[in-house]
Each structure stands twice: as C-alpha cells, then as structure tokens.
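First chain A sits with chain B, and in the next complex the same chain sits with chain C.
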Partner chain A sequence: MGAGKTTAIRAISDVAPIVTDVANHDASVAKARTTVGLDYGMLALDNGDRIRLFGTPGQARFDFLWQILAREALGLVILTDNSRPDPLADLAMFLDGFAASLDTLPCVIGVGRLDSHAHPTLDDYADLLEARGMVLPILAVDVRQRADVVLLIDTLLGQIESGLERN
Partner chain B sequence: MLRLGAIGLTPKDVAYVRALVRLFSNTDKLTWSFTEQLPFDAVVTDRAGRAADPGWFAAFDGPVLTLVAPPGAPENDTVAYPVHAEQFRAWLKLRHVQRAHTPAPAPQSSPVQQGSPVHKGAPVAAPERIAPPPVEAPVSAPASAAVSDAKPDAKPDATPNASPGQQVRPGQRRFKLRRWPSAAQLEGNALHLKIATLMVRNAIGTELLAVLTGHPESECRRFVDTLHRAGLLVEHAAHAEPAGLAAPTVQATDGAPAAPPVRSGLLASLRRHLGM
Partner chain C sequence: MTILDNLPAGLREAAEQAARACVGDVAGVNAVVIASVDGFDVASSLRVQQDAARIAAMASSISAISGVVSLEAGLGNFRSVTIATDDGFAVVHAAPRADVELVIIVIASGNAILAQVMHRVAAMARALAAH
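Up next, the complex of A and B:
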C-alpha cells in the first residue's frame, strides 16, 4: 500500500488509468487516497495486440484478486515502499500470495523511496529471497519516472525471452 | 558481408529465406546477405537437401541450418517447419556473433556452377578441396540438470554432464543465478542488468547471452566471470544453444500450472511501444 501502483500505471498507460482510489483512513500510511479495487491501464501495440495493466490493492485482504490476475498474466511487478514500517514483511506477504504462480510467472521487485529510506537495503531484499530459495530481480525505482517503470517491464520481458521452457 | 546460401530448398522456401535475411539484416544491422552463388559462409537446407548430397555438406566448413518438419526433438542448427521468423532471426544473430569472434575461413572452392539457381532436387557437387568437418559436436541435453560451481572459463570437458566424447564450447556452458547481484556488482550497467535478468530463471550460456543482449560474447563472459567469482552462479548441464533458440514460450514445469504462450513478436512490439 502506498508503493505507487496507480502512479506506475499512469506512467506508461496509453489511456487515462481507471482508478478506484478512496480516502485513506490508515494512519500508518502517509497518503490521502489508496486503491481499493483495481487500477487499470492499457498499451495498444502497433500489431493490434493490447497489453492490459492491472494494479491490485496491496492489502492482504484482497489476495483473492491476486490469484485471478496472475492466472493470465505475462508478468508481475511487486512494488514495495521502503518508508513503510516493515517493507520486508510486505514483500513476504506478496511472495506468499503469489507463491502458486511465481514458479512460472516472470516477476520483478521494485523498491520505492530507497533514496529517503535506505533500510532495508536491496541486499536485504535479496537475502529474504535467497532464504526462500528464490531469485528475482530487485531494482530501486521511482515510479514517477517513466524510465524506471519501463525498466521494470523490460526486466520482465528479459525473463520471458530467456525461454522459460529451458529449465 | 556474410554470404548465406540455400541448398536443395524449394523456390518458395528460398524466397522466404531471402526475404527474412533482407528484413533482419536491415532491422538488426546484421551483415548477412542472401546469395545463390558461392562462396557461402553459411547455408540453409532441409532434410532432403542434405540427403541428396551428404558429401558436399560433410565438406562444407560453415554453419548449416536445417529446416525440419515437426514432430522432432530440437537439434543443433535446426528450425522446424513452419519456419518462424524469430527462430530464423535468432539463428542468424547467433551465427553472426560467432562469426565476428572467429578467424575467417580459407576461401572455398566452387562446388556450384556460378549463377545456378538453388532449388529442391538440385544437389551440388562436392568441393575439390575438402575442409575438415566442423568441430562443433552436438551435445545431448540430459534429462535432469546438474549443478556445480565450476568456473565459467574452465575447460569445457569439466562440465559434469557432458557426454563422453562430445565437446562443449565454453560459450555453451550454462549458468543460472543463485542470488540476485548487489547494486555494486551490477554497477548501474544496463548490460549487467540485462544479463542478470536473463539468468534469473534459466541456465544460459554466454553464446546465447550475446545473441539476446546484442553485445559481444566477450563482454558477456566478463560479467559472467564476475558473477561466478562472487559465488552467485550455479552451473547446469551443458546444452547446445541453438535448440534453445526456439521462440520463447512460457510452459509448465514439474506440474506447475502453465502460463499462456508468449509470442516473441509481441515482446518486440511491446518494446517498440515503450521505446526500449
């Protein structure tokens, strides 16, 4: 929550994102509004294909949505907010929630607000993944920067390109 | 300019190959040109073409891409019918990169009449001076991956699952990340990030890394060596690269639910769209 899903989608979507933000009443998160449904954006490609971008609520009570979206997804971007009280616990929650899909679903972790909140470090995130026997790209991002969001997508495409069938 | 020829293909396939070479040489800045006249740096053929004149192919010392009909297990230097443009493109890029890093071969003698069209059922004569057969012996892919900590630039036969008598080029040795590198190791370098990303889910060799990144294999190997020295890699069983150059797909492994297949054309289109 507060990691910038809506902002990330807005950065690259061809259409104005459809957002379902409402007033935030969670005092632990310093933001006025938060997503309670799905954020939606879309990329219309030159070959006629359309890539749909879904931002799911970060709260664990919405994890039923995660399974539905992961089923047909090309890739998954997990955005964490390093200013949150326990970002590693947030990541662990997402890893648990998407555990059934992560064996096959390309995934990248974007860590936000690392410049103002240096801990946990990217190495700490890598430690957490290693302890779970997982290897995923971990990038420091500012989702207000389109280039950072594009880099996240590029990292997903790289995983697809390397040919998942080879393992 | 590298010269690609076709031996024993139907006129339809010759036209298709010619068009693809022209397309990819332009879009990928590859120095391939399609020609019907010797000498060839590489040739495309099919099963019938090879069978019609095995002597010529045994004598030819360049890469040979064989178009094969499904079903059939992937093999070195093969692309299955129907010919997928991305597979053909990957083969051109692989051979382009390899050729850029190997000395030029001796001039070929003339096994084909100058200007003669190449078509199915018209095998060519063997060259008078025969070069030794290619040393790139194919390597079988074992059913299960082996893991070791062998150094990437160690002798190829140190690879644990290489079949006896078969040679694995260093660039075909496959490594996979065991842990995501630190920011210091990535050095904010786009190539390093790309290589690490490509090694997240798959064991991959520097030959294929060079193809997928568009950078020289030597650059890729340098970073792979760095990752290895940091203890971040595990080696998997040797695997011939071209078999892995099939169009990327997402498939189920070990009973996991299958993700939908992904068309490589879709990825290219998405990259263009985002200005990558």
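Up next, the complex of A and C:
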C-alpha cells in the first residue's frame, strides 16, 4: 500500500485512468486515499499493440482481487516502497499472494523511494528472491516519472518476448 | 490502528444492533456486514461461518467498482448493487456519512425476498447515515 500503483498507471496511460480510490482509514499509512477496487489504464506500443494496465489494492485483505486480475494477465509488475517499515516483508507478501501466477507469468519488481531510503538495497531484494529460488529483474523507480514506468513495462515485455522465443 | 477505533459515539453499537436485527428479522438473511468504504469491518452479524473481515473488503471493492460504473455512465453516485446467484443473492449498499463512509453488504439465501432485503438495507443505510 502506498507504493504508487495508481500513480504509475496514471504516468503512462494513454487514456484517462479509471481509479477506484476511496478515503483511507488506516492511520498507519500517511495517505488520504487508497485503491480498493482496481485501477485501469492503457498504453499503446510503437507497433500498434495496446497493453491494458490493471492495478490492484496493495493490502492483503484484498488478495481475492489479486487472483482475479492475474488470471488473464501477460505479466506482473510488483511495486514496493522502500520507505515502508519492512519493504522486504511487503515483497514476500506479494510473492506469496501471487505464487501460483509467478509459476507461469513473467514479473518485474520496481523499488520506489530508494533515493531517500537506501535500505534495503537492490541486492537485499535479490537475496530474498534467491532464497526463494527466483531470479527477477529489480529496478529502482520513481513511479511519477513516465520513463521509469515505461522501463518497467519494457522489461516485462522483454521477458514475455524471450519466453515466446524459447517456446 | 485505524480511525475506525475512534468512530463517533454509539455508531459502532448502532451498526451492530442494526446488523443483528436484520439477520434476526428478515427470513433468509445469512450475513450482514457493515464496513468502512476502504474495507474495514465495523460491525457484523453472521448466521453462518464466514469471515467478516474478508466480506468487508469485498464489499468495499464491489462498491468502489460499482461507483466507477455509475460515474462513467453518467448516472451519479453509487447507491446499491445486487449480485444474483444460483442459491441466493447479495446486496451491497452505500451508507455515506460526512465523517466515515460506510458500506453495507447483506448476504441472503434463495429463501429471502429480494424486495424485503433491499427495503431493509436501504433503511439501515439511512439510519446509519443519520446517526
């Protein structure tokens, strides 16, 4: 929660994003509003293909939506906020929540606010993944910057294309 | 901690009483959960073994997505949505307040009468909004 999923979609969507944010009553997170349904945006690629972007609520109580949105997904982008109390635990929660999907879907991890909160480092994230037998791209991002978010998508598309070539 | 720990005096008790009364009074109603708009359960009454916290989160999502549909369609603010199923139905109803927006979800079996449940949940929403 608070990693910037809605902001990331807003940064790159070619259409006005659809958002389902409401007043946040969780005092442990300093934000006025939070997504409780889904966010939606669309990004047109240079080749004319269009990618639909769906953002999920980050809180575990909404994990039923994670499964629904991952069902027909091409890939996953997991955003973490390095200013949170335990970002590695946040990532572990998402890896557990999307475990079934991660068996088949490509995934990239974006770490936000790394410039102001240097720990955990990207190596720490990689170590967590390695301990789980996973190797995934991990990028430092500022989700307000379109170029950063596009880089996440490009990285994901690269994985999808390499997977298609292998098959 | 959530601000729901500091709800207006008597609101949680009123919500709990309303939920209990609905389950007790309306035939076929199996569960009533009253949640904050961001998915925290404020009060609940469950006739069957279900997770009120999970139902509250689902009600919040359904309400938010329905609200977007209402607005995109130019139909104004969301009030309620009914989910009809093989074995019953669920009604999700907004109960907006100035201090904390609430959502009510009623889950009923096929023995319940939809109009009766909708009338009751609308009355509950009005009462909680005015409390």
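What we mean here is this: the second predicted complex is superposed on the first by the 156 of 167 C-alpha atoms of A that agree within 3 Å, B and C clash if a C-alpha of one lies under 4 Å from a C-alpha of the other, contacts with A are read in each partner's own complex, and residues count from 1 in each chain.
As a convention for this text, a residue touches a chain if its C-beta (ideal position, glycine included) is under 8 Å from a C-beta of that chain, and two chains touch if they have at least 3 such contacts.
Predicted model only: the values in this text are computed from it and were never measured.
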{"item": "Touched chain A residues, chain B compared with chain C", "value": "B"}
{"item": "Touched partner set for A:R61, first chain B, second chain C, both or neither", "value": "second"}
{"item": "First (chain B), second (chain C), both or neither touched by A:L38", "value": "second"}
{"item": "Which of chain B and chain C A:V150 touches, first, second, both or neither", "value": "first"}
{"item": "First (chain B), second (chain C), both or neither touched by A:I18", "value": "second"}
{"item": "Sites on chain A touched by chain B in the complex", "value": "12, 43-47, 49, 51, 71-74, 100-101, 103-106, 122-123, 126, 129-130, 135-140, 150-151, 153-155, 157-167"}
{"item": "Residues on chain C engaged by chain A in the complex (per definition of touch)", "value": "1-4, 36-40, 53-54, 56-58, 60-65, 67-68, 72, 100-101"}
{"item": "In the complex, chain B residues that touch chain A", "value": "145, 176-180, 182-183, 193-194, 196-204, 212, 236, 239, 244, 246, 248-254, 256-260, 262, 264-267, 269-276"}
{"item": "Touch list for chain A against partner chain C, complex", "value": "18-28, 34-38, 57, 59, 61-62, 64-65"}
